[in-house]
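The same chain A turns up in both complexes below, where it pairs with chain B and then with chain C.
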Partner chain A sequence: MPDNRRHQASLIRTASPYAFIGCCIIALIFATPSVVFAQDGDTEFITDVSGMLKLLLKGAWLTLALSVITGIVALITGSLVGIGTSARSVVIRSLSNLFIWLIRGTPLLVQLFISYFAFATIVNRMFDAEVINAFGAALIALIINTTAYNAETIRGGINSVEKGQWDAAASLGMGRNKIMRRVILPQAFSISLPSLGNNLVVLIKDTSLVGAITLIELTYTARNIMNQTAKPFLPFLLAAVFYLIIISLVTLGTKAWEKHMQRSKQAVGGNI
Partner chain B sequence: MRKVKEGTQAVKIAMIALLVIILPAGFLSCGGTGESEDESPVLKLAMSGAYRPLSMTDAEGNLVGFDADIATEVATRMGYEAELVQTEWAGIQAGLQTSKYDLICGSMAITDERLDAMHFSLPYYISGAQVYVKQGITDLDGLRIGVTESTTYEQYIESHPELFPNAEVLRYDSEAQIVSAMNTDKIDCFVSDRIVGGFYIQEGGAGDIEPFGDLLYMEHLGIAARKDSPELVHEVNATLEAMIDDGTYEEIYMKWVGLEPDLEQMRAIWEEHEVNIPPLESES
Partner chain C sequence: MGEAHAAIETGCRWKYMTDNSREIEIEIRNLRKNFGTLRVLEGVNMDIHRDDVVCLIGPSGSGKSTLLRCLNLLEFPSDGTISWRGEPVNYKSMSPYELARHRTRMGMVFQHFHLFPHMNVLDNVIEGPVQVLGTSRDEACSLGKDLLDRVGLADKHDAWPSQLSGGQKQRVAIARALAMNPQVLLLDEVTSALDVEMISGINDLLAGIAEGGMTMVVVTHDLNFARRIGDRLCFLDGGEIVEEGDPAVLLSEPESDRLRDFLSAVESLYK
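On to the complex of A and B.
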């Protein structure tokens, strides 16, 4: 199958720069000597690159956790709100558009502060216990923010499905819901895929803002390392490399998914 | 066709299952519950972690330093498990007011303004504000001055412009950033705590700096609590007294500051602050 082999070969070609970077970093972590942590409460400060990488890895986990959970949830909720923008009911349409307008129109940092200082505080005081901690507050703000951007992307996708599809499906006797579910949405989703992948990449970098609400993620960890070692450049360079690796792996995934969708498009000969 | 349909069906189910597992796990993880493993209640104390040597982070990302040790010791003696929270200095008061933590033990100076908004314990150390300049600078005219925002140093510079003629004031998040700015030639001088400045002079790390002139003013640093928890203030005061009496305070002070604390001076200053101790009936 010449087509298959070309497809596989091209995936490997796109994979190698990312794999190369990844292998370099992993080699760096294991090659340099580790910082020895003394017992008896003696404080150890970072003295070399491997120490920095270890601490950055800790921060990277938080970045990953926030990105993965938000990415998955916001994809689903964003799709729902996006579909809502072309609902038959005026109420649902207006609410969806209002939501998108409000959330896209305010900065994520402000939303984070509102979620952490206002919303979380009110809920915690209502139940007199810490129901929503900083992580929860960050998740709420990030999910709401990414939902709005995903919804707008999906709305654009739905609108760009050619009118002919609606007419053809209607002429086959399909009801509106069926048309949406079986004909329009699959095409809209396929069209939106690059933009959704883009939103995911933006989300991963947006997580760097949560340092403002006491979450020690990758960027804030780099700041702490700068404070500890008085080196202003190296920690941030390393943090940037971490972000690059994460985003490269994610981009690889979305590009592979796009290629998969493209294959069905060639097979069927339509817009799917 | 059938296989494709079943395939997508399986993917849908897998995604929903993943969601059901991940979402609650995400919200509950890193969670703050009231109780720790060994059943003692948790007391949360906040500090900036960017104020060497009083408050800083180590290779593991833990908060260490004078403030951290005092905070841990005080909380432990009060019967709590100490949880140290690293917060940006600019938002540290807001976090206290919205109950993100119970106390601020991060070198917060006792001022009348701050006393209006929160309660303070008796001062747990005394220090002063000092101007530091790059070696060789003899005149404060027309300098770029670095200062941390929301500090008493920033207020002082703003209310005494005659001392810093033609100055360009640059505001940073923390002393650590100020030091980076000094190293990268973004500022010529800064105003900060004399212990912090002294530490950088001794350790290097901020280039060649030297103090300029005398102390600008003395500062009394206390542990801050919300207006609704005056009982915490009383407990903290009693604990601090005990720590001074049995020598623990001196130990911690020498470990991080490198000098012997002037306990006589501290006791004298404590008498001045007796008037600030809140009554035990809580105010809302």
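On to the complex of A and C.
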């Protein structure tokens, strides 16, 4: 039995670097022509794969920027709102739950439209300057949306920590905040991490919606290329590969983090 | 059994007979606890003297664990008074600081250990002193190592809880409770979740702690352990103390029908 487990563990350990190297090779193959055959000016008519790749790479950077900024900010805000759902104060608890209910109950596309066409327009008119551009509006909507999902994940994590942990910490004389910070949250976060990684993957794919508010990200770029070249197959296939590369890299990162967080569960046989 | 056992019994009886002169650590008067409409404790009266080991026995659902949890206010009583060394514990309007101070007086060990799984063994033990008492980390570490040596886990300081057997986990939990230097130790069926071969080791450890002079309130199903370690035995049934007294007397000559039924049920299980 222990041998079996060790074998499994070694498989996981060896599989990850191979997947990583494979993704890097694919990325290299696709990125090289765009660098080698790069030409000036985006406006020129696209005729070949390298031209497409160059444009798509630009779109991919926007997708990546939106995903990374949103991913990091929403992890923090989502944790705060998630903790808020189990706060002692009724007001904070209700507000947190209301926020999660509102955001999870409405489509991201509608949130993007509200953020860009309504909120950003009003703010810009108020200051008589472009305070929030399309990128800013997209960030606001994506952060708010992902915060709600992360908060729900963290809330579930907090609830799934064994009740006895509260008892044990309280019997040592720890106060509510200290129990939360020292005992419950570290375990809740460890439990939540796989789902948080999943939220991140969903977010990366959801950024394809920001094309609807004039941001030329990966999917929108692919559609532009199709419109110009009348070739529907290649640009979308390449865009899909770009998404796959980004998501594979992110998944590897979250898996490594999960493994780090799981280090205390390295049971040597027997009950856990 | 035999002479040695009889000597222990008479020793205990002597201790019990004279404990009226000793200081009362915890005094419980008319303690009631309801969970909604379910009445779990219906007016419990009890004195716990310093350095006494009080064992609580009774059928499941009789309120033993609830009584224990009311003592360190993991559950707040619905009614009644708890006094600590003559001072009533004002559990109805208590500041978080007072609540924490009350709880630090009493160490608690649970049936299912409840070790912190994200901390290693030594960190589990020093968590209380460092976070609650404000002990420096170095000082707490040396205290924690001493305690782990004492409970027989000298080589497990860096292990994770998931790497330990049930008996070892319970030893860590005992060390964690002792690290707070409690005045009273509350034990809630600490051997009930253990494999049979682990139980006697834990029982020996607890008997050693009791001999060293520690007030203990012990909820147990293990009547032999109660006879061995207990200075006083309380039989709870239906949320009230039906019978109490010297363990050896109580277990061999029960007065009430309810205790007689309970003992015969338990004994038929072990035969």
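As a convention for this text, the second predicted complex is superposed on the first by the 223 of 272 C-alpha atoms of A that agree within 3 Å, B and C clash if a C-alpha of one lies under 4 Å from a C-alpha of the other, contacts with A are read in each partner's own complex, and residues count from 1 in each chain.
We adopt the following convention: contacts are C-beta pairs under 8 Å (C-beta built on N, C-alpha and C of every residue); 3 or more make two chains touch, one makes a residue touch a chain.
These figures come from a predicted structure and were not determined experimentally.
*Asks:* So, A:121: does it touch chain B (first), chain C (second), both, or neither?
*Replies:* A:121 sits against chain B, while chain C stays out of touch.
*Asks:* Please indicate which partner A:168 is in contact with in the superposed arrangement: first for chain B, second for chain C, both, or neither.
*Replies:* second
*Asks:* Taking the superposition on A as described, I'd like to know which of chain B and chain C A:139 touches: first, second, both or neither.
*Replies:* first
*Asks:* Counting residues of chain A in contact, which comes out ahead: chain B or chain C?
*Replies:* B
*Asks:* Applying the document's definition of touch, where does A:226 land relative to chain B and chain C: first, second, both, or neither?
*Replies:* The answer is first: A:226 touches chain B but not chain C.
*Asks:* Considering only touches as defined above, state whether A:190 meets chain B (first), chain C (second), both or neither.
*Replies:* Second partner only.
*Asks:* Just to be sure I read the superposition right, which of the two partners does A:178 touch: chain B = first, chain C = second, or both, or neither?
*Replies:* second
*Asks:* Across the two complexes, what residues of chain A are contacted by chain B and by chain C?
*Replies:* After superposing on chain A, no chain A residue contacts both chain B and chain C.
*Asks:* Once bound in the complex, which stretches of chain A touch chain B?
*Replies:* Checking each residue of chain A against chain B gives 35, 37, 43-47, 51, 54-55, 58-59, 62, 65, 68-69, 72-73, 76, 116-117, 120-121, 124-125, 129-130, 132-136, 139, 211-214, 216, 221, 223-224, 226-228, 230, 232.
*Asks:* Could you pull out which chain C residues touch chain A in their complex?
*Replies:* 72, 74, 96, 100-101, 103-104, 106-108, 110, 112, 114-120, 127-128, 131-132, 160-163, 165-166, 173, 176-177, 180, 186
*Asks:* Using the touch definition up top, name the residues of chain B that touch chain A in the complex.
*Replies:* Going by the criterion above, the answer is residues 15, 18-19, 22-23, 26-27, 29-34, 49-50, 52, 56-61, 64, 85-88, 91, 94-95, 98-100, 174, 176-177, 179-180, 183-184, 205-206.
*Asks:* State the interface residues of chain A toward chain C in the complex, per the touch definition above.
*Replies:* Against chain C, the touching part of chain A is residues 162, 164-165, 167-176, 178, 182-183, 186-187, 190, 263-268, 270-272.
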